[in-house]
Amino acid sequence: MDSSVISFYAISAFLLTFGVMAVTTRKIFRAAIWLLFSLIGIAALYFWMDFQFLAAVQIIVYIGGIVVLIIFSIFLTQMSGKDMPQALTSRKLIALALSLGGFAFIAHFLAHANYHESSGLVDASMPAIGRKLLSVETGGYALPFELISVLLLASMIGCIVIALKKAQEKP
Amino acid sequence: MNLGLLLLVPLLTAAAIAFSKGKNMPRVIALGGAFVQLLLCVVLLFAYRTAHQVAPAQGMYFETSYPWFASLGINYHTGVDGISIAMMLLTACVVLAGILVSWNMEKQVKEFFFLLTILSGGAYGFFMALDLFLLFFFLEVAVIPKYLLIGIWGSGKKEYSANKLALMLMGGSALVLVGMLGLYYHSATPADGFSLTNLGKQQIPLDVQLFFFPFLFVGFGIFTALFPFHTWVPDGHSSAPTAASMFLAGISMKLGGYGCLRVAAFLMPEAAHFYSGYIVALAAIAILYGAFATMMQTDLKYMNAYSSVSHCGFVLLGIGMLTPSAISGAVIQMVSHGLMTALFFAAIGMIYERTHTRTIKELGGLLKIMPFISTVFFIAGLCSLGLPGFSGFVAEMTVFVGSWQRPEEMYRVATIVACMSIVVTAVYILRATGMSLMGTIKNKAYEELKDATWNEKVAAVVLIGAILVIGITPFYLTHLIDPGTNQIMENINRYISLN
Amino acid sequence: MSSSVLILLLPFISFVVSGIWGRKYLKNFSGILGTVCMLVSFILAASVAYNYFFVTGRVGGQYLGTIPFEMNWLRFTNELSINIGILIDPISVMMLLVVTFISLMVHVYSLGYMKGEERYATYYSFLSLFTFSMLGLVVATNIFQTYVFWELVGVSSFLLIGFYFQKASAVAASKKAFIVTRFADLGFLAGILVLSYYSGSLDFKEIIARYTDPANPHLQAIATASFGGVSALSWALTLIFIGGAGKSAMFPLHIWLPDAMEGPTPVSALIHAATMVVAGVYLVARLFPVYAISCPAALHVVAIVGVISAAFAALIACTQTDIKRVLAYSTMSQIGFMMFALGVSKYGGEEGLGYMASMFHLFTHAVFKALLFLCAGTIIHHVHSNELKDMGGLRKSMPLTHITFLLACLAIAGIPPFAGFFSKEEILSAAFQHDPVIYWAAIATAALTSFYMFRLFFMTFYYDGEKKAEAHGHDDHSAGHSSIAMTGVQVVLAIGAVVAGFVPFGQFVSSDGFALPTHIDISFSVLPVSLSIGGILLAMFFFYKKSDKAIRISEGLGSVFVTLKHKFYIDEIYAFVTKKIIFNLIAAPAAWIDKNIVDGMMNTFAKATEVFSFSLSGWQSGKVQSYAAWFLAGVLSLVLISLYLLQLL
Amino acid sequence: MQLFYLLKNEWMLSFMMVVLLILKVADNGRSHSSWIRIFNGLMLVLCVAGWLMPTVEGEAFGGMFFSYKAGAFAKNLLCTGTLFIGLIGEDWLKKTRHVVEFYLLIISTLMGMCFMISAGHMLMFYLSLELASIPLAAMCNFGFEERRSGEAAMKLILSSAFSSGLMLMGISFLYGATGTLSFAQLTLMSSYEPLFIIGFVLLFTGIVFKLSVVPFHLWTADVYEGSPAPVTAFLSVISKGAMVMVFAYILYHVFGALNDVWYTLLYVLSIATMVIGNLFAIRQQNLKRFLAFSSITQIGYILVGISGSSAEGFTAAMYFIVVYLFSNIVAFGVITHIASKTGNETIDSYKGLAKTNPFLAWSMAIALFSLAGVPPTAGFFGKIFLLKAGVGTGNFVLIIVAALNMIVALYYYLRVIRAMFMDSNENAIQPLESGLSLRIALFVCLAGIILTGFAGSIYEYILNLNVGL
Amino acid sequence: MNAIPLTHVLMVSTALFFIGVYGFFTRRNLITMLMSIELILNSVNINFVAFNKYLYPEQMEGLFFSLFTIAIAAAEAAVAIAIIINLYRTHSSIDVEDADELKL
């Protein structure tokens, strides 16, 4: 067996296991940590597919940003050590059935689709990405790049406004 | 003669009312507007007669057509023939009388007359429309003002009635809409899709006709109290304020009959023929059953409303029979019933305004206290029971004779059933008049009541005059409508041969 | 002949004028106006009659119909239309004369009788309306014109019966009269429809021409078409006869007539004795050729109904105690005579004797029956009561009325040489010729007639026993009441009742227009006349003096008498049918069904929508997770649907 | 210059954003009303400029952006609608904290919509869709202390995140099946491969989620009810309008080849939407919630029109949006006004409104009639045209269901009318003073409601916009 | 690495997707629901990247899409967390079951 094969399955097992744990554990803080691990697994998968830049972004944004944000908000909102209330069993069963059914369904079609695999290599190097990101020509992503900045700005404004205490109320 | 004037005048009147102030101005404007409308209708009548003499074979007169939504095949296309003119005259008379009768309205006068004027505009539009879309537009224009008139100015369980009326009429127009779109979809070219005249010239495939005819017929039928979709009539009429009742029964129900004839039967003759048995059966049921139900009513307005169900059955019966005289009978009945029932409601309104009751049992001996009103009521009753000399007789007899021309046994039975109603009608009319007008005065307080005021008198005289003109000289009316009915019959006979 | 139009128009003008302006402006003038109009009308009618019978009418020995005026009033189809016109032929002229004459009499009489009445003008306008309608009916050229005026006659009768509208019984009576006749009119209408469908015309002339010629395709069509095993022609004629029977108060549609006596008495004289009630007879006579030539079966029905009504009414009349009701039943009985006379007649020549006799009786009856009623009116005016028990011994206080009433009674009893004798004799001989059963029934009825009429006569004017009639008569103003107008009219009519029988009626009116000489066969007359005299004597025996003879007899008759007194319970049967069956079993359920089932259906739709809407509300649970679950489920099913449709599954 | 015209609305919106930001940073205690004036002024300029400036059709940014006439029309329409919302929301805005932030969020949302309409690439589409919905969620939370407002925002953001997850999966499948995400190429590469179909359906559902088509509508009513009235108005008018535009565009022009698939989906969904929307609307008490279900029903009608698969369907849908915009703005204008003055939002509290506030009551009535599709209001025309377009395929089941639903719809609109005009109420809402801007907005929109139908040229104009597509 | 077929990678991502879905449906805590969303978004990113890598290596559309998705997810998460915190202030709870006042 190829080492790449082994590492793929290892990574997959890792990220799925922690994914499952993240959505089933009863302690909220642990859930955040398991999520963190799962996200790391995904980053590893990107590495495995030679998308180093993406893996890096994943780690920076998700792990460094979102998960931290989540953890902060956990601290802000409740005691992390307590057990979380569980959903009703019936709900769980429905959710399980929907998820499994959906998985089986999608997976079935994904497995049986016709793929024309290409042997080409992706040029996912930093300079290439950078060039594309700022290009206004066909295949360039300058406009989305600009747009996302607006999105981030808007979200920031939104966050601030919402999260601000009302003490700052204006007359 | 520009038909647009007949739309413009109500519109301007309505606008003027909307910007008027106080109690007196709106009604004066409304009356003026109604008078101008009547004048225009009369002018139109004479213009038509001249035009008809010049070009007797022309189907529609004074046609105008402007593209409206050109790409959808929707045009502002109007024109009239004798039938439309008869209906317009009816509208003008009823509206004028309605405004006069509501002269002493106290509550939200401006809105009241505004809505009434809008209603009349809608009716004119409907009768002159030669484009299905335009026709449908005007058909629906009338629904909501009626709702508001009943709901705001009505009495009794007005909200319920108003709701029921609006919903059932909306249901009717929804069916009409489906039928209309069906015709559009199956027309030869989309440009013809909404044009009444162009559609009339093409033969629509039989299966299409059979599918869509019920939609159009039942849809319009609901407006004209087709059994068993008539239940809005009693509640709606009885809760409405006098003028609205007059309008509702006098004109609005005619929209349906006119639509059944002008749209459903005219455009889909084969289907009309195919379904005529059902139509006739329903109409006959409505006529007799409505009459019997009327017998049991204790409220004058309910009584008249149920009798409207019965009388409008004649309209549908005539249309369903598909013979020339039955159809002209149906048209005459529309005009006649419009006038008669408006007169009836006017009289009932006058009585109610004075005695504050419409329960037959609580009234009595009114003839002594208010002879004029009682006479008006009585005349309406006589017209209703089809007395010669009044319009009802002319209409009913024409329908009967026309209906009898269908030799099949079922149609004969239906005709006899319809004939039977003349007895039942006599029973309930006489019962009502006997109990409310004649006899001893039940309530001492009534003895102080005053007879009709000038406005009520004028209103009654206008309507009675029209009824008598038709009743005594019916040939004027038949000459007016015959070219129209002949044209419709021609279309019907073009593809099918009766008998 | 514009004067014939004027005959109709004058009463109409009077109606309109006093109807609209009478109440306010012409309060006292309208009586004069109506009378003058009527007088002119009568003179015109007389001149028309003279012209027709003696100058222009006879062509080759035959009286033919002429139409001086006709207009198309309402066109149904190319063939069928209502034409309004004036038909001048022997019977219409005769009727014109009768109607205008009796109407004039009544107009004049009412000047006195209705004086001081609050709705005096209205009364006259209604009277004029009635006359107008009746005239329109008799001159009709078109069967639908007959129907038109037929209805108008009905409504004016309604108006006049209900004239005292504050009296509950008057209101009920007027209603009853209108509704019963309307019910019969339904038959008339249906008959017209059947007839017209095959005849292709509504004109009498055309109908008669087409339906009396056996080779005519119209006749063949209607004779072969059958419904329920009976030919369409029989149906049509029988239905039309039903209409006539209703107006003419034939059994069993007679119930309205006695009640109709609630109207002012002159009205009863005009409408319910002399003119309107004979409209049915007139209608059958109008279509007589069709009945006689093409459909004897229908004519047979007419005969049977006629004779039953005659006998039936006579029996009842013997027991009634209301003076006007007795007269009403006698009217019904006499009309029965006319009917069966028509019924036993054939068309043409000697065979047509019944027809002539019927018309003759119509003519004479109008005169003496109007007289009877007007006398009764005077009596009632005097006594202020209709009941025989309140009368008696009136011969002293009302000598003139006594005489005129006696003359009229003799006339109706068929005592020679009074008017009734001649016409009744013709009827009996016609019946004798054609149908012995009817003949014997008629003889018996004639005897009964004289009995009950003289019962009435004696109970009114004699029968005074111990009580004074004057005690009831309000002397103080009774004298003033019998005004000159009233007495004058009585005298005129009494003269008529005496002389009318001498008119050579057969010369003018016969089934085919050719002169039919009237002849009285003395030997034949012996039996009926002696029976009539027997009737008179019997009445005299019972009722000349107050005694309990009659009461004992009636008690002896037991249930028979009770049945007669209750008019064979026909009214009760009607009441049962209308109240119990029509109101409770048809109308009330119809109203109930409409409110609950038909309307309920609509409400149920609304309710069901609402209930459904509420039952769904749990879906919108407010829980975002379940929303998402629905969302996912929806997505998956949409994917499934589309894949399934593309057959990719 | 070409580039400017291509992105005229977008440029102007970003310029506006910058101006507001600068002003905010340099804020020296500007009052609320002055901010409102500034915003309305800028917005007015933007609208006028947007309508007046020529529309250039073409691509920009390597196919990422695609400008076309109908899109430009829609953008102008949305901007105008936003201007009206600014006007009707004045009462509320004066009371809220963070008015500038509200404007910034609204502008960025609007910008997202504009880009979405012009998107030439899935990435642009997704990005602008998020831009059009994330700030919206924040806006829903602008009733800060209200429990309902927070709940609404939470529901919106979570369910829309979930839906975008599914939609993203769909996009990824499309990418997997074709290898491209640009619309132009996707059009060429449509196929009936299962992967492509699944991808398409997932994308489809992502969009109909935003349109709140049954059964993806469940969030709608809750969010509408909980959010502040002007935000609800924005959600229901502008957001829906933009989504309809995009939806129709994507169906007709990107996945036109899959006509049979989406026709079936629309057939099923439109019936469900009309029926369910109506059934729920029947018994609502809260007016905003009521209008939520009403707007769901309206979307059902729009789907009928779009299902007609013709230029007429597109035109009818756009025409309807115009009408819908006018009607809903009037309705929300009244609701906003009353809600911010009195706090009443229930139908019961509107009882007797016609007596105390005739102008508001009549405005509301006309708006509701328009929504119900009663002539002579423009709603009648809009609805009929939709149904007429829907007939294009000869599917009369759909038309019959739609027609029957119009009856039910009328019923619940009449409930409100009845409350306002017929029911008596002792403590009816007191006569309110409506501000100038509200009046302007109401008058303009009322005029629009009444006149749009009669001006056939508006329809023709919209129809001509599509010819270029 | 081509020894691993594309479908295997897709299976992993799909599984992760439905793990996220399951979490989203069953978690009552709003923050953990948000976490589930993150899982869902990430799984889709894997899809994009895998397709890009295996099938269409010539271009980088998948890569860029994931890149932007990550950014959007961040923005979304931020706003969501802000909303949740606000909700916590008003409800004193971040249990989703406690926020169901708006219904029916």
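Note that the chains take the letters A, B, C, D and E in the order they are written out, and that residue 1 is the start of every chain.
Heads up, the rule we're going with is that a residue touches a chain if its C-beta (ideal position, glycine included) is under 8 Å from a C-beta of that chain, and two chains touch if they have at least 3 such contacts.
These figures come from a predicted structure and were not determined experimentally.
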Top-ranked pair of chains - ranking by C-beta pairs in contact: A-E
Central chain (by mean CA position): B
Label of the chain whose CA centroid is most distant from the centroid of chain C: A
Chain A and chain E, separation of their C-alpha mean positions in angstrom: 5
Whole-Å gap between the CA centroids of chain A and chain B: 70
Mean-CA-position distance for chain E and chain B (Å): 65
Centre distance in Å when chain D and chain E are each reduced to the mean of their C-alpha atoms: 27
Overlap residues in chain A, where contacts from two or more other chains coincide: 87, 91, 94-95, 98, 102, 106, 110, 115, 139, 141, 144, 148, 151, 154-155, 158-160, 162
Multi-chain contact sites of chain E, meaning residues that touch two or more partners: 17, 20-21, 24-26, 33-34, 52, 55-56, 59, 64, 68, 72, 75-76, 79, 82-84, 86, 96-97, 99-103
Of all residues in chain C, the ones touching two or more other chains: 606, 617, 620, 622, 624-626, 628-629, 632-633, 639
Pairs of chains in contact (touch as defined earlier), listed by label: A-C, A-D, A-E, B-C, B-D, C-D, C-E, D-E
Chain D partner contacts - residues on chain A that touch it in the complex: 106, 109-110, 112-115, 135-144, 147-148, 150-151, 153-155, 157-162, 166, 168-170
Residues on chain B engaged by chain D in the complex (per definition of touch): 67-72, 74, 133, 136-138, 140-141, 143-144, 147-148, 151-152, 158-159, 162-163, 166-167, 170-171, 174-175, 177-178, 181-182, 184-185, 211
Partner chain E, residues of chain D touching it in the complex: 122-123, 126-127, 130, 134-135, 137-138, 141, 144-148, 150-155, 157-158, 161-162, 165, 168-169, 171-173, 175-176, 179-181, 221-223, 225-226, 289
In the complex, chain A residues that touch chain C: 87, 91, 94-95, 98, 101-102, 105
Touching residues on chain C, where the partner in the complex is chain E: 617, 620-625, 628-629, 632
